[in-house]
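Two complexes are shown next, each including chain A; its partner changes from chain B in the first to chain C in the second.
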Partner chain A sequence: MDNKSSTPRITCAYLSQYVGKLVTVVGKVVQLRGEEATIDADGTIHAFLNREAHLSANNGVQLIGKVNPDLSIKVLSSVDLGQGVDYNLANAVVEVTHRYKPLFVYEN
Partner chain B sequence: MAGQITQGALDAMFNDPDRAQQQFPVPILQCLQIKTLDSKNGGAGATERFRIVLSDLKNYVQCMMATQTNHLVHDGLLQRGCIVRLKQYQAQCLKGKNILIVLDLEVIQSLGCPEKMGDPQPLGPRSAEPQQNPNLGSTGFYGVKSEPTQDTKPQFPRQMPSRNASGGQGSSTIYPIEGLSPFSHKWTIKARVTSKSNIKTWHKASGEGKLFSVNFLDESGEIRATGFNDQVDQFYDLLQEGQVYYISTPCRVQLAKKQWSNLPNDYELTFERDTVIEKAEDQTSVPQVRFNFVNIQELQDVERDATVDIIGVLKEVQEVTQIVSKTTQKPYDKRELTLVDNTGYSVRCTIWGKTATNFDAQPESIVAFKGTKVSDFGGRSLSLLSSGTMAIDPDIPEAHHLKGWYDSSGRNNTFATHNNMQTLGGATGRKDDTKTISQVKEENLGTNDAPDYFALKATVVFIKQDNFAYPGCRSEGCNRKVTDMGDGTWRCEKCQINHDRPQYRYIMSVNVNDHTGQLWLSCFDDTARVIMGKSADELMEIRETDETRLPAEFEQANCRKLNFRCRAKMDTFGEQQRIRYQVMSVAPLDYKMEGNKLNELINSYNQMSM
Partner chain C sequence: MAGYGGYGGGDGGGFMSGSQQGGSQAGGSKYADESLRPVTIKQLLDWEETFPGAELAIDGHPVTQVTIVGQVRSVKPQPTNITYRIDDGTGAIDVKKWVDSEAQGGEDGGSGAGAIAPDAFVRVWGRLKILGGKKHISANFIRQIEDFNEVNYHLLEATYVHLFFTKGAPGSGGAKQEGGGGDNMFVDQGYGAGGGDVAMGGAGPGGGNSAMQARLATCSRNAQIMCNFINNSPGGTEGVNLHVIAQGTRMSVRDITNAADELLGQGIIYTTQDDETWAILDY
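== the complex of A and B ==
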C-alpha cells in the first residue's frame, strides 16, 4: 500500500487550512481538564486527548492529531517535552515548513 | 478594522496639538502610499528617504519618514494599505502644505494590508479651514518663507532634500540635529556638548595642524563636529562639556567619517571661521545624554566592531590590571566588568585608563555605557571606546526598570552567556568557521604552511576497530608509547621507568559524514573518550575479558552527530604527502543553538532569493 501522507507542523494560525488532516503541533500546556487540554501554540488550541496521553501543565508537548471542523484537535499521539522548550524555534520551523511547503506537505 | 483607526487624529495633530496629545496620544493610521525619494543633489552618499501618505479615514497627509524608520520599508513591514501606530512625530506646515515628519512608527502586522479605507480628503493648510479652536496662537505653524515671528516653543522645520527650496530660514528658528544635511544652507541648532576631545596635533609631510572634536546632542539626535587649526583657538575654550550652545551657519555639513565617530549620524559638522557659537541661557531644555540601548541578548545579532550603547546591572567587578601593548609598548590600565540585564544574558565589558582606575561603582548598581565596541571574543564582549562614556545609576527610565527587575527576580537568576556562539569555546580567539565536508576539501584546508582550523558538524559513521589505542606511559604529563618488556612490565624510555601497567590512550580513526561528503578524522585520547563514552583502559579491558562485547561498544558510539573542532595539516609519510585531520575537541550538539543557527541560515536564503 503506497500510503503517502504527511503530518506537517503547524501553529494555531494554520488550523483552518488543515481541517480533516493530520498535523503536528508543538506548544505549551496551558490547562488540563480530564481528557481535554488547552495548548498554546502561538494561539490557543483545544486538544482532545487519548488514553495514553500523560501531560503536565506548563510543560511543552508535541501532539500529532487530526483537525476537527471546529478547529480543535483529536490527539492520536503525544510526547511530553518538559520544560526548556524554545517555542520561538518551534514556531520558526512552522514558518519555514509553510514557506517551502512542497518539501514538507503531501498535497493530494 | 476601520474602528481601529483614530479618525480625526490628523486634523488634531496639525491644528490642535494639545487635543491630539490627550485624545490621540498614539494615532493609528493607514498607509496609502510609499515613495522613495531620490536625492539628485545628494552626491556620493545620498541618504535614502521615504515619503508616505497616511490617512485617518477623514483626511490624508504627506509624511516624511525619518531615516531611523527606513528599516520598516527595507524589511517589507511597511507596505501600501497597512495600518500603523504613529509613536513619535512632528507636525509641520511648509510652504502652506501640512507635512508630517515620522520619527517613530510601528506597523500593526496583525491587521494586514487592506484596501484604502474611507474617502480621506487632503488635510488642507490651516488658513483654508475655519478654526473653531481657541488655542490657535500657541500651536500655529509658520511657513518657511516667513516672518521671523517668535513663538514660545522652538520650531523644528526640516529641509527635505527633494524640496530644496529657497533655503532661507530665519536664524531665530532652530533646526533639529536630525534635520541637518548638506542641503540646509542656513540653520541654527541648540545642543549640548556631550563630549569634547583633547587637542590633537599632527605633523606630516604635507603640513602640520591641530584639531579637536565635540559631540552635540539634542532631542532629535546627535552629531559630531570638528574644528581645525584656527577654529581650535576660536572654539576650544568656549565649548565646555555638558553646556548647551547655539551653533549657527556658516558651518560645513559633510558626510561623516564613521571610523572616527561612534555616533549614528550620516553627517558631521566642520567649524568654519565665521561659524557662530553662543552659549544658551536656557541650559535645561536639551537632554543630557541620549542612549540607544541594545539589550544583552540582542548583542549576538550585532556584528563585531559595531558600536553600541548598553545598560545593565553590575554583577561583577574585577581588579584593575595593567597590560602592555605589544605594538606600542605602552602600558594600559584595564578592568573587566560583568553586566547582566533582564533578557537573562550576561556580558563582559572592559573599561580602560582613568575610567578603570577610578571606577568605584558597587556591584548591583546600574551602569550605562555609551559607545562600546562589540567584539566576538568569548562569543560577545564589549570594550568602552575612548570616545565613549559611562554613567553609574543614571536617572533614566531604563535604569529604574532594570533596578526593579533585579530587585524582584534578577538577583537570583543564573545568566546565559554568548560563549557558546563560537562553536566550541575558542578562548584562543581563533576564528573557527563552521564548514561542510565538501568545503573542507574544496578549500584545500591544510595545504597551506600553517595548519587550518575549522569547525564541523557531522555524524560518526564508522570507527576503526583495530588499533584504537596504544599503551602509554603512566607518568604525569608523559604520553609516550611504552614497550612491553615481556616480564609484565612496560618501560618508558623517556622517563626511564618501568610501569606494571600501561595507561592506554586512544588513537582512533573515525569516519564522519555530513550531507556533503565524508572525512576521516583522527582523535586522540581526550576527544575519543567523549565519542566512546569510556576511557581507553576500560575499553581494552573489555577486549581482554569478553571480545564479543567489543563490537557492541563501537556500535553504541556510532551514528552520533557531534560538533568537531578540527585542525588540518599536511603530513609527509615517506614520499607521500597527505592531509591529516585531527580533532582538537568534540562536543555534543546544543539543539536549541543549532536550531536557531539553521533558522538564520534559512532566513538568509530567503533574503538572497528576494
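== the complex of A and C ==
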C-alpha cells in the first residue's frame, strides 16, 4: 500500500514534458478570473481551478493538478502560500529535482 | 542496498562498521551512531529491507532517525496514535504519532489532533518502521510549517546530504584549489539554473569553462580529482599519462580508468597519444 507515485515539481518550461500527468507547481498568482487563474512559475501558466480553491492575487500558490494538452493545468488541489515565497528558490528546487530524479520522481 | 553488503555484518556491538567512518570513534555504542538525516519520502520507499530487522541505510550509510517535510493528506485519529498520511510530492507515507496517555486528554486527544489539518505542511522527525511489510514513520515530533520556504529548503538539504554521501564533502580531501569550486557548483546550479540550463552545460563558446565545471560537478569525486589534476598539469594538448596521474593523485590505476571513462562520457577530456593519456577538452 506504499504509495509509489510522485507529483513532480515543475515550472512553465517543463509543462510540455508532462502532458496528462499530475504535477506540482509553485508560483505567483498574477490574475484571477472566476475559476481561471494565471500563475507565474518562471513563465505564465493558465490554471483551471476547482471549487475549493481560495487564492488571492499576488500571493504565492502551490497547485497540484493535471497538465492538459494545451499546457493549461486542471487543478485538483491548491494551497495559498501567502506572501514571502522565494520564487527563485522554488525554481531552483525544480531544477534540482530534475537533475537528481532518483531522489524525487518515480519514472513511468 | 548495494552498498549495504559491503559493510559486512560481523563487527561487535551489532552495529555496522560503516557507520564509524562518519567520524564517531566509539565502538559498538549505539548512542554514538545516532543520526538525523533529511530525506525525501521516495528515498524511504525505495529502501528495501535486505533481511528482517535490517538497519535503514540510504546511499550505503546507516540512518537512524529521519526528518521529512510534506503535506498532510489525511488524519486518522486512533486509540493509541494519530496516523497522518504525508505526501511530499515524491511519494506518500503514513506517519504515526503516539498519543501520550499520561498527558492530559484535552491536548492530544483525537479530537484536537494537535490542530494539524489536511493540506497543512508539516515537518516530521522520527524513525522508519516496517510493520507487516508496510513502511511507516513512528514520529517523535510533528510540527506545522509556518514558512513555506522551509519545504523547498528541506528538498535542497536532502539533496545536499545525498550528494555528500555519494560524492564526498564539498572541497574536502586532496581536491586542490578547485575543490572549493566544487562547493560553489552546487549552489550555482541551484540558484543559477532557474534562468535556464546552466546545469545542462549550455556550452556556449564563451562559457566553456563554467559549463565544464557544471558538468564536472555531477561526476564522482575521483573524476573531479583527476580532472583537476590534469587541469593543473603542464601537459597541454599533449595530455597527461595514466601513470603520471596515478603518481600525482595517489589513485589506483583502476580508479583512474573508471574516472577517465566517466570524464570521456561527459566530454570533459579526450584521449591523445594513446588510450591512457588524456587532455582537457577546452572550448
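The rule we apply is simple: the second predicted complex is superposed on the first by the 105 of 108 C-alpha atoms of A that agree within 3 Å, B and C clash if a C-alpha of one lies under 4 Å from a C-alpha of the other, contacts with A are read in each partner's own complex, and residues count from 1 in each chain.
In this section, a contact is a pair of C-beta atoms (placed from the backbone, for glycine too) under 8 Å apart; a residue touches a chain by one contact, two chains touch by 3 or more.
None of these values were measured; they are calculated from a predicted model.
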| item | value |
| --- | --- |
| First, second, both or neither for A:Ala92, with chain B first and chain C second | both |
| Superposition-derived comparison: chain B or chain C, residues of chain A touched | C |
| Contacts of A:Leu103 with chain B and chain C, given as first, second, both or neither | second |
| On chain A, positions contacted by chain B and by chain C | 86, 89, 92-93, 96, 99 |
| Interface residues, chain A side, partner chain C - complex | 1-9, 24, 26, 42, 60, 62, 77, 79, 81-82, 84-86, 88-97, 99-100, 102-106 |
| Residues of chain B touching chain A in the complex | 592, 595-596, 599, 602, 606 |
| In the complex with chain A, residue positions of chain C that touch it | 40, 42-43, 45-46, 71, 87, 89-93, 119, 121, 134-135, 147-149, 152-153, 155-156, 158-159, 162-163, 189-191, 193-194, 199, 218 |
| Of all residues in chain A, those that touch chain B in their complex | 86, 89, 92-93, 96, 99 |
